[in-house]
């Protein structure tokens, strides 16, 4: 049965190869082929899942060793897969949501002549992502890690003729690279510390290792996670990544890839458990990011960017949870899954809206769309309720648990984290409500006929998307409604994950009910505030100047400007000076030597006058020198 | 004679050395100082003769003779031949053209000499086992023995060297005629064509009572004609211009005939004066 | 091998040599025939190289196999000694593999210019006539010399070919340029000759210093062993048996003499400035020849000669060399970012990569040196892919400036795709071959010098930067007017690029064949240098892949360490 | 008297000859000076042979003479041929490696 694991990765890989090398003749059928392979790998995943459920909790973890990859001395890297509950969860999420989004894209990319390549990239992404979560050692994980980076690079820059898209893609890849360096250094540290970097031995050996080394490894892993999961300080790429087609944003930059960081930390739980300082760093990053993302999300008028901010902040929740150790891992993953559902749903909804609005992304040009695209409205609304944690929907369960665990961290630290989490919940409620209101409610800020168009208004013919797009949205909406409840039934999810991520019940200073109550309260506050600002009075079609914080938030809290001034400009100056130095100093020295040689020889040439007698003089001089030398030799 | 070769040198040899040594040095200096190549050659010959004597004094009888025969005999003669051949510009000015060459030469020469002398000075050359027994069976015989036994190989090679030298000298000096020699007809035609001086050149010495090649013939008005003498001679300045002399003698002849005819002797002194200046011109002509 | 009579190594070197002569002999009119002849010979060489790789038995006794040894210059103990270890086999295979592609890629580079072809025979434009036969003959000559210098186990023999290589390279660089000169053919020609002379002078300077060192080596051996020898094996054995002992001072001097030459060839900062000119001015096949084939001799020689002849001196010089290599890594990458000329950019990228190779060699760990060896091979392939595609691009547009391109991806998607893959290989993306070597080098360096390892891994980010910036500026964005009509890759060009890319993928996924060949050689080198890998702090009992195939290598390494 | 003085004399002549070679421009005179130097050497040889009491020195001097003769022959031939083409025997005028 474990031989199927390879098939999981192989299926989309074959699809990718087929589509990318297939050439023109696959242009029409390409979309269906790609979706087919995605669904196939989902089917395999389902089979494996069923098989896994059949076994007892202990021997659910399955290994498959394919071949020895890089055998060099003590450095033994193998290509081997490990399918345990954690991997399984991810596999299901990836293949499931992946398949849905493939199908959705069939409709969404209908009119793009390069969609064959698009689906090829999507398949490639699936393969890389599965490799990431199925690898049984860190080096193979690294391969998947960079593979998804490549796929996201290709997909963000899919519309390469737009310079903005190309730039965004490059930026995403570079920022991710910074994180990847962290991962590679972590692997090197593991190799020097343990002599191996396979999950089993490394995680087993954390017991008898100096805490300092483990902390170093942990921090490096965290750096990697920050890069991939768009956490502060490496979060700047996610916003721009929205340049990519919306299904990409849904799949890669909401549901799956960006959560790889969470997977990495959870997977390396043993290391973090043994390195408290690293854990503290993790929770700090998580807390900061969840607020950061939320604040950014409040200010964006671009619907996708707003959702991106929310993604950032939700992943902040997960990282925070993962940083809490055994009391948090399970909930981190749980929130990851539920988030996968509703955020994907929200993005697909946004995509559907754009699809109906001629790819208009500015929410200030939306408004009152609920009548025009009801299905989108409903699914989006359900996703909205889920993400703000409306009681009973999936987001409620997962986020609530995380907040609880945050308090359970204990001490002032616990209070701070818990407070941050609560505040985050409030802001989430606010900005999601804002998105909801600006998009579907209020006056329509567009015109159906040119005649009716007020200045600054566009002419739109909003319409509901085709079935192939709405069905995945519906499925995801269902998921985002019931997943949480399903998982929380007598802690099914926790017990499911426990063998992998050891679980411990946290003991929060507040009772669970109190926390739940407070979450609901802050939720209501957030919603109310948003209603106050965007529901009651009409939304201006052009963004008001806004407060200082707003303007900062619109610019991603100036983080990009910082990057630009410090890194980009500085780098440009550095390279320019280096180029100059290389030419004038390093090369100049050599050329200078050559020139001086020329001068010297020119001077020496004067001796060769051609006059026999001057040669004779030189000869006599030489003879004299020789005689003198002989005499001296004899003399001494 | 064997005594000469002995280690102990007689006072006679000393005297000989000091006198002839000075001569040799003077000859050497003359060689490099004299303005005309001929004089240099002569003074060099002198030095060589002195050296020959020194060879004899040092018991190298064979060499001494060879020195005189070969060097002063053959080589110097060769030199003189070449000087005569090339000697047109033989008298080169001693003015230095290369900058600082002379000072360098002097400095280096002196320095080198000092070095050599110093070397000889601090070389331990005290004991002299003279050529007594080496020359026992006669110098020439012993040399012959050595040449034909120990140095026979070098000897053969020198033979080859000499052959090569002879051939080389021939190759260098013998000029191959590249174009066919022009016949007399062609030459005359060419002369006609270029038009100036159609008849053959006049012979020297005509109309003057000399017919030596170095005396230009006189034109009817008594002035000498350049065409009549070999340009090489003219270049060397070895022409004896007898025009003035012959004119004077013409006058003297007329004078004498007039005397003989018993004419007025109011101008007595003329012929004597003219006769007096003629030999001077003669000398000048020779000196020129 | 005694049981092996046929001189395989000599044959492998002789075939291209003969090919060179034959190609040069083809009459001027039959240009195409010359091309096919050259291609034929290069393919034959490749076959022989494959035979070598097959005949080579990784597990066998003794450092060298397929050895040939004939007396050559008795008076100086110079012998015609050939022999290959794993590293040499890998590099010979690389060379023999690349040359056919180089020839194919340069198929039209040496054709007479259109203007020259009609009026070429007429007086005047003869200066612009590029003799095709010469071009391909020179390439084959270079191949022969490179292969021989990989095979030579006699220092003097190696030196001869190490130097002789320069002559054909000089003419290849100076004689043939792509018609992409910004200011017309005349100025391009002057720049070319400048580049060629620079190349020659740099390498000659290095070579002469090495010659002095070679003579010194002979003097020392003659002094101590009675009869002087250049045989690498004899010297190494004499060292280990204690019969031979350079004084510390002499050994260091000799080491520096050798290393300088190799560092120029490699090229190591600050001796690198000849490379950008040479690669920028020459046609892209020649540029590939320079960076992918000829320069490898330098790094290879560091492994084979510097380390094995002078172990103490090597470990004495290691810190400085590591720092220089580190500088090359970062410096090369930064300058690549700053370039405006595609080929120069690739050249500086190569400088950065050579920094990695030298880093791996002098880290003195199994991973480092195996990584360095793999790096030589992989860098050869990846740079070949990138450079050749760049060459196709440049010949289409007739300009080397990045600014002249844009939106190529839209008009020539296949070209763009291959270019991107080449670039991804250059930034060592996992799944492509260079990743493995680069990671091995980093691990090997890190395990002994953590700080250097970490700083070096910054190079990874910079690599991503220059590659992606290059791709973005040339391939993406709105389509530039001049690029409009640009045709996509032709069949010939696909034949050149596709196998390289396939190879990159294969070696990225399954490098074991290569590592199996290389590892024993590396272990031998390390045992000569007498260095052991640092042992991990925590001994993990459960080593993955215990008792699996591929683990045999591990056992060998243990034996070699004994 | 000590025959070493002969050697001093030889040295002196040799030096004079050398100076002559450097100073004079007339090729023939230069040749003469060279002859002078050779002769000085010969003198030294002869004296040496007297010192050591064997004839080898004289033999060498003998060979020197032969060589000198050959050299003069060829040298003078060269001078003549140069003079033919240049109408001068000055060594300074022969400063180019062509006639």
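Letters are used for the chains, namely A, B, C and D, taken in the order the chains are written, and counting of residues starts over at 1 for each.
Please note the rule applied: a residue touches a chain if its C-beta (ideal position, glycine included) is under 8 Å from a C-beta of that chain, and two chains touch if they have at least 3 such contacts.
Protein names from UniProt, one per chain: A = NADH-quinone oxidoreductase subunit L; B = NADH-quinone oxidoreductase subunit J; C = NADH-quinone oxidoreductase subunit M; D = NADH-quinone oxidoreductase subunit K.
What you see is a predicted model, and the numbers here were worked out from it, not measured in a lab.
Chains touching both chain C and chain D: A. Look at the CA centroids: the one farthest from the centroid of chain D belongs to A.
For the interfaces B-D and A-B, the C-beta contact count is higher for B-D. Taking the mean of the C-alpha atoms as each chain's centre, chain B and chain D sit 18 Å apart. With centres set at the average Cα position, the gap from chain A to chain B is 108 Å.
Once the centre of each chain is set as its mean CA position, chain A and chain D turn out to be 95 Å apart. Between chain A and chain C, the centres computed from C-alpha atoms are 37 Å apart. Annotation for chain B: residues 98, 101, 104-105, 108-109, 112, 116 touch two or more other chains. In chain A, the residues that touch at least two other chains are 609, 611, 613, 617, 620.
For chain C, the set of residues touching two or more other chains is empty.
Applying the touch criterion to all chain pairs gives A-B, A-C, A-D, B-D.
The part of chain C that touches chain A in the complex is made up of residues 201-202, 269-270, 272-273, 331, 334-335, 337-339, 365-367, 370-371, 407, 409-410, 417, 424, 429-431, 435-436, 439-440, 442-443, 446-447, 450, 453-454, 457-458, 460-461, 464-465, 468-469, 472, 475-479, 509-512, 515-516, 519, 523, 533-545, 548-551, 553-554, 557.
Residues 609-613, 616-617, 620 of chain A are the ones that touch chain D when the two sit in their complex. By the touch criterion stated above, chain B contacts chain A in their complex at residues 98, 101, 104-105, 108-109, 111-112, 115-116, 118-119, 122. Chain B makes touch with chain D in their complex at residues 5, 9, 11, 13-14, 17, 21, 24-25, 28-29, 31-32, 37, 40-41, 44, 47-48, 51, 54-55, 58-60, 62-63, 66-67, 70-71, 74-75, 78-79, 82-83, 85-86, 88-90, 92, 94, 96-98, 101-102, 104-106, 108-110, 112-113, 116-117, 120, 125, 128-135, 139, 142-143, 146-147, 150-151, 154, 158, 161-162, 164-166, 168-170, 172-173, 175.
Within the complex formed with chain B, the chain A residues making contact are 609, 611, 613-614, 617, 620-621, 623-624, 627-628, 630-631, 634-635.
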